[in-house]
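In the two complexes that follow, chain A is the common piece, with chain B as its partner first and chain C second.
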Partner chain A sequence: MLSYILKRLAQGILTVWFIATATFFAMHNVPGDPLTNDRAMTDITRANLEAKYGLDQPITTQYLIFLRNLSRGDFGISFVQENREVNDIIREHFPVSAILGVLAVIFAATGGVLFGALTALYRNRFPDYLIMFLVIMGISVPSFVVAALSQLSLVTFNNLIGFTVLPVAGWGTILHMLVPALVLGLSTMAYLTRLMRSSMLEVTSSDYVRTAKSKGVPATRIFTRHQLRNAILPVVTVLGPAIAAITTGGFVVELVFAIPGLGRYFVEAVQQLDYTVIMGTTVFYGAFLVFMVIIVDVVYGLIDPRVRMET
Partner chain B sequence: MSADGNKLNADAPLLEVENLHVEFDTYGGTVEAVRGVDFTVEQGQTLAIVGESGCGKSVTVQSIMGLIPMPPGRITAGSARLRGHEVLGRNRIDGKEIRGREIGMIFQDPMTSLNPTMSIGAQIAEPLQVHRGYSATDAFAEAVHLLEMSKIPEAAKRARQYPFEFSGGMLQRAMIAMAISCKPSILIADEPTTALDVTIQAQILDLMQDLQKETGMAIILITHDLGVVARMADEVAVMYAGRVVEHGSADDVFYRSAHPYTVGLKEAMPTNDPALQHELKPIEGSPPDLFAPPRGCGYCARCPHAMQVCDVQPPSDHFLHDHHFSRCWLHHEQAPIKPETIYFKDAKA
Partner chain C sequence: MSDTGSVVIEADQGFTHSAGIQLAKFAGIAIAGLAAFIYLLWIIAGEAGSTTSGNAIDVENNSITIALREEPPQLDANRATDASSLVVLAHVMEGLLGYDIDAQLVPGVAERYEIRADGATFWLREDSFWSDGVPVTAKDFVFSWKRVVDPETASQYAFILYPIKNAEAINSGELPVETLGVRAVSDRVLEVDFERPTPYFDKLVAYLTYFPVREDFFNSTEGRYGADADMLLYNGAYLLTEWVHGSTMRWVKNPSYWNRENKGFLDEIRTAYITQDINAKLNLFKDGQIVDTHLLSPMLPTAMEQRWPIDRSMDGSVFYLEFNHRDDRITRNKNFRRALQLAQDSNELVYKVLKEPSYLPGVSLFPAWLSGVSESFQKEYPPVRHQMNVEKAREHLELARQELGLDEFPPLMMLAGDTPISLLSAEYYQQLFRKNLGLEFRIDVQIFKQRLEKMRQGEFDIVLSGWGPDYNDVLTYGDLFSSWNLQNRGRYDSPEMDSWIRIAQSELDPQKRMDAFGEIQRLLYEDVVILPMYERGFSFVVDSRLQNFRRRSVGPEVDYNYAYIDSSSD
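Entry: the complex of A and B
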């Protein structure tokens, strides 16, 4: 198991290096210059930046400088925001995005498994039809619409009862997090529900569930010991990409709910061609996602003994 | 009988199935899969139920075990009594589950019949935890013992492994260990060797016979392999189109076959005995459509000796002697041909 994890980590580092390289060259191919913007920049600042990042050198030299800094964990200083280190931006804003993302993933996973199992249990009856209708809605309605609608209903609700139960926007307490996390996780939850439903139905009609019945195992125990664990496998498989979807989808939700997450910097950096911030946030997000996928794979191995052996 | 089964009536037959009818609703209409099956199993005996695919043998035992999905399945009539207690449709006697405790069952495909994410030992231990209240540790220790009984080498190590680490034959041994873990009085084996190769088949059958000698359990063996029947069975019930057409001791059914279908099955069996070498003769045609079962005898359309009466009226049971009956009009006193002339020609003794 340990050698498997080490192998995956090595592969992960390679992946991150590839992401960094691809982003680096793509970014430099975008026309324009990060130092020519409306803000006045003294010649000295400009000269310093050019010297530090080798901006007046060929692109290969710049790339080597970037790699050297990266290996030391130094993403540099923002070109646009004065005196802000990229590391500081990440340190300050990533925890907010992470908490929101983790909460959203928890909502999506538990909700997906729960509703999926429910629909399978009530197959072709009212609860199944209702949940599957909501699932189609959850998949097809974009998150900024859901976000705005949920804000609207929150305002109406808070006005109606006269005080604020759940705040409409902002960040700080757990109450601030609930609604945005739910909105962020909603489409993933819907997707996982569908997946869980079909996999649960498949497991229910499987030979080994029939065997468990023939052993006289009570229905609840069959559900927990035989059905759930096997039905959850496909859900765990897509959890890696789902985490990616939620983290990158966080930007819109963060914007609507005025949450000071990393998403805004990620997007604005690209618009302003802020080289260091683009590289910093991309490499960081990339590493984070690769790491999450590795964790998901390790968890999968814990659930399914067949995967454990193949390592 | 198991230790805690003392409330059961010891005088009543171990398992008595009477007039069992099972239907399935499908998009094409209602299939009458089982149309009146009767049989009795006594302690320590092996009853083989033989017949071609779709004749209702699996449905019969699965309805006794409560494994028929309802809907679409439906038991419309009949009863199954374990030591005098009705178990059909309820699987319980005095509130106690009988499946796994009084009746164990193994299936055709051991590869898919075990939970892929649960260790073999834990799956064998499960009935002991559920029915006997064993702790997980005690049950697992007993599971190792059961694997040893099923002649699996290195049982302690094997018990911690998962189904994908076992071969097909080993899995069927594990299935048997699981089915007999609570010392049931009946073991139902639904085509236990169909998915296995021939040498493994023999080993599995030997194991079942050994365990039967040790525990005195009855075995209901479902198969379409007459070789397996000859080797294992005390009693044989031949099923066709949802009914038992001939029932008797293995010797009676093999050497004094009294139903044209049984004769047909025997003739369709390949043999390597030069003395008995005859052309392999398939039974022409196909079984009747059970969406609209025939009025008369189900075998009528394929029977070389069919008479007019066969088409319109179902034959009743004709007893050749106490324990041997055949559902065939040829045994009627007014039948034009003597059944002996056609049936007993292959008889050895």
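Entry: the complex of A and C
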């Protein structure tokens, strides 16, 4: 098991290095640079700024410097937020995205498992049709539409009631988080519901469930021990990447609900060509994603001994 | 999705029932667990930058809540270049001169001043203090201005100080910083020497790059000047007391501000939201969380339904099609440019395509709100009344074709930004020039910085460009197309234009100076340097209880310096 984990970690580091390198060179090949601004500047001003940020070095030197700093976990100072270290930006804003993401995943997982099990139980009956209809909606409607619509309905609702029940935007209390987290988790919830439904149906018709039934095991016990536990496996598998995807993919929700998360910096950095922030957030998100996948593999091994045997 | 499994055993009714109960139990446990977890998150989240909402107007505490478009990158006035920093700094800092509620120039730190042909003198007031109680002195301006032109500082707005003697040479590294033509005769007298006569210098010193910086405090910040609320000294109507990056700011009334009788009536202004999403801002306004927001035309029906009083203002910017005048370009040919000029009409663009009610059709580089000698510039020097004339346009195009020795025109490149308005305009011109002149344009859509870089490199034939004012004088636009202006990215180069711009820069007689701008305006049209598209404006709404809120064409886009709450008007 340990050697398996170590092997996966080594692969992970290689992947992150590859992501970093590809991003680095792609970014430097985009026309313009972080210093380009609306007001044109004199040559000497530009030269001074370039020297300050090391942009006057040849690209390979810059790459080597970047790698050296990366190995120390230092991403440097943002070009746009001139006095802030990229590490500070990540440290201050990632927790916000993470809290939002975790809440979204919890919503998604709880909802997905419950609704999935429900649809399987009531297969081809009304609850099944209703939920599956909503699932299709959840998957196909893009999150910016859902976000904008839910915000609009919040406003309408608050206006109707006469006072602010749930805040329309902003961050700080749990009330601020509920709606954005729900919106963020919605498509994952829909996906998990589908997954749970089909895996539940597969399990229901499996041999061990039939055996358990014929042995006379109580129905609730069959449901919890044999059906749920087995059916939930595929859900756990996709949960890891889902956590990473949700946590890193909250840009639209963060924008609409004015949430000070990292997603906003990630996207704005690309628009502003803020080299250091682009690299910092990309490497951070990349590492996070890879790490989540590794964790899932390990957890999967714990739940299902067969996986461990194969490695 | 498909149901798998070859043998599907239909769950019997009893099984479903008991399993359903089990599921309900699970759901109960899950919800309870979720609630507990959420409570935990709540506690953790308290640590991570909260924006805790308040109401738009808090009459009891005499405070308001607003939204900012972006997080200010930093609040170092000497180096700031963006609109959000300007908004914040205009409330917490003050320069030698400032603007009153009607955007007229009024004394700030300087109680009076004198502008001569060779220089200027500013007499500073006694009762202007920094937020730590130390008086603001002439030395603070000397330190600040030297810092701006020092090439080491790499301030992108250094050019705005170029009228000061030796500033440009210092900024290009040819002279030492000490030679800058500014000195503190005493704590309260500031002397400035000019490089050339600068009759509009009073308008320049109101700009934030000219704001004072105190040397001992600056040195104590160790390179982090303006990075946080406690890394700045304030001398404006408000003090920045709290700055949580990416989420909130708190500006509170400055108790020692000298002009508190006329400015800074609110006890507190909170910027609780940072978002560029205008729909989110509208929702926040609707929900009573922020005091003002601007509106785009699709939102106007909503605003009217709500019976909000809709106001509008010009944001100061002018947008235009800029030609590439470099030698190897077809757009270098004047007949070609004339053909495009005659084939379009900005009225159609604004009224039929963009349909933004607060936009004005572009008629000149100099927008309608600029003043001339005694009244509006456009009144004193009316721009040419442009008439679309496709017949004549085709004649000019034919002339251009012959002059260039072409059989037919190759496809040309139209560079555009990625904003909806920019895209819409580009598509309009594309089809217009195809229909009227049979010309093919390819639209090259680029995000902001890439577009600027392509403009700098000259990789375009026509670019959708624009300019916002830095100071309240025609010259803020007037020198754009001089051969020496780095901003002139189409490289228009005309001795006649240059000579008029020189006069506009230095002429002391206001009438002769404005005449020069009139000539520049004429030349811009006759030589078809640009094709004006529109002057941008905004429709906006503001909470009816907030009085004297202003949106500005020059200076901060939103100005709460004179705002106060009138709870009786609801």
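What we mean here is this: the second predicted complex is superposed on the first by the 292 of 311 C-alpha atoms of A that agree within 3 Å, B and C clash if a C-alpha of one lies under 4 Å from a C-alpha of the other, contacts with A are read in each partner's own complex, and residues count from 1 in each chain.
Quick note on the criterion: a residue touches a chain if its C-beta (ideal position, glycine included) is under 8 Å from a C-beta of that chain, and two chains touch if they have at least 3 such contacts.
Everything quoted here is computed from the prediction, not taken from an experiment.
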(message) In the superposed model built on chain A, check whether chain B and chain C fit or clash.
(response) fit
(request) Could you tell me if A:N230 is touching chain B, chain C, both of them or neither one (first, second, both, neither)? (result) first
(request) Please work out whether A:R84 is in contact with chain B alone, chain C alone, both, or neither, and reply first, second, both or neither. (result) second
(request) Once the structures are superposed on A, label A:K52 by its partner contacts, choosing first (chain B), second (chain C), both or neither. (result) second
(request) Scan A:R210 for contacts with chain B and chain C and give back first, second, both or neither. (result) both
(message) With both structures fitted on chain A, tell me whether chain B or chain C touches more of chain A's residues.
(response) C
(message) I'd like to know which partner A:R264 touches here: chain B for first, chain C for second, both or neither.
(response) second
(request) Angle at the Cα centre of chain A spanned by the Cα centres of chain C and chain B: state it in steps of 10 degrees. (result) 160
(request) Look at the superposition and give the distance in whole angstrom between the closest pair of CA atoms, one from chain B and one from chain C. (result) 5
(request) Share the list of chain A residues that count as touching for chain B in one structure and for chain C in the other. (result) 205-206, 210, 218
(message) Which residues of chain C touch chain A once you look at their complex with the stated criterion?
(response) 1-9, 11, 14-16, 18-23, 26-27, 30-31, 34, 37-39, 41-42, 44-53, 67, 71, 73-74, 76, 79, 81, 151-152, 154-159, 171-173, 223-228, 231, 244-247, 272-277, 279-280, 283-284, 286-289, 446-450, 452-454, 456-457, 485-487, 489
(message) For a test of understanding, state which residues of chain A touch chain B in their complex under the given definition.
(response) 205-208, 210-218, 221, 225-226, 229-230, 233, 303-306, 309
(message) Please output the residues of chain B touching chain A within their complex, sorted ascending.
(response) 65-67, 69, 91, 97-101, 104-105, 107, 109, 112-119, 126-127, 130-131, 162, 164-165, 175, 178-179
(message) Looking at the complex, which residues from chain A come into contact with chain C?
(response) 30-34, 36-46, 48-49, 52, 80-84, 89, 92-93, 95-96, 99, 102-103, 106, 110, 114, 117-118, 121-123, 148, 151-152, 154-155, 158-159, 164, 167-174, 176-177, 194, 197-198, 201-202, 204-206, 209-210, 218-220, 222-224, 227, 255-258, 260, 264-265, 271-273
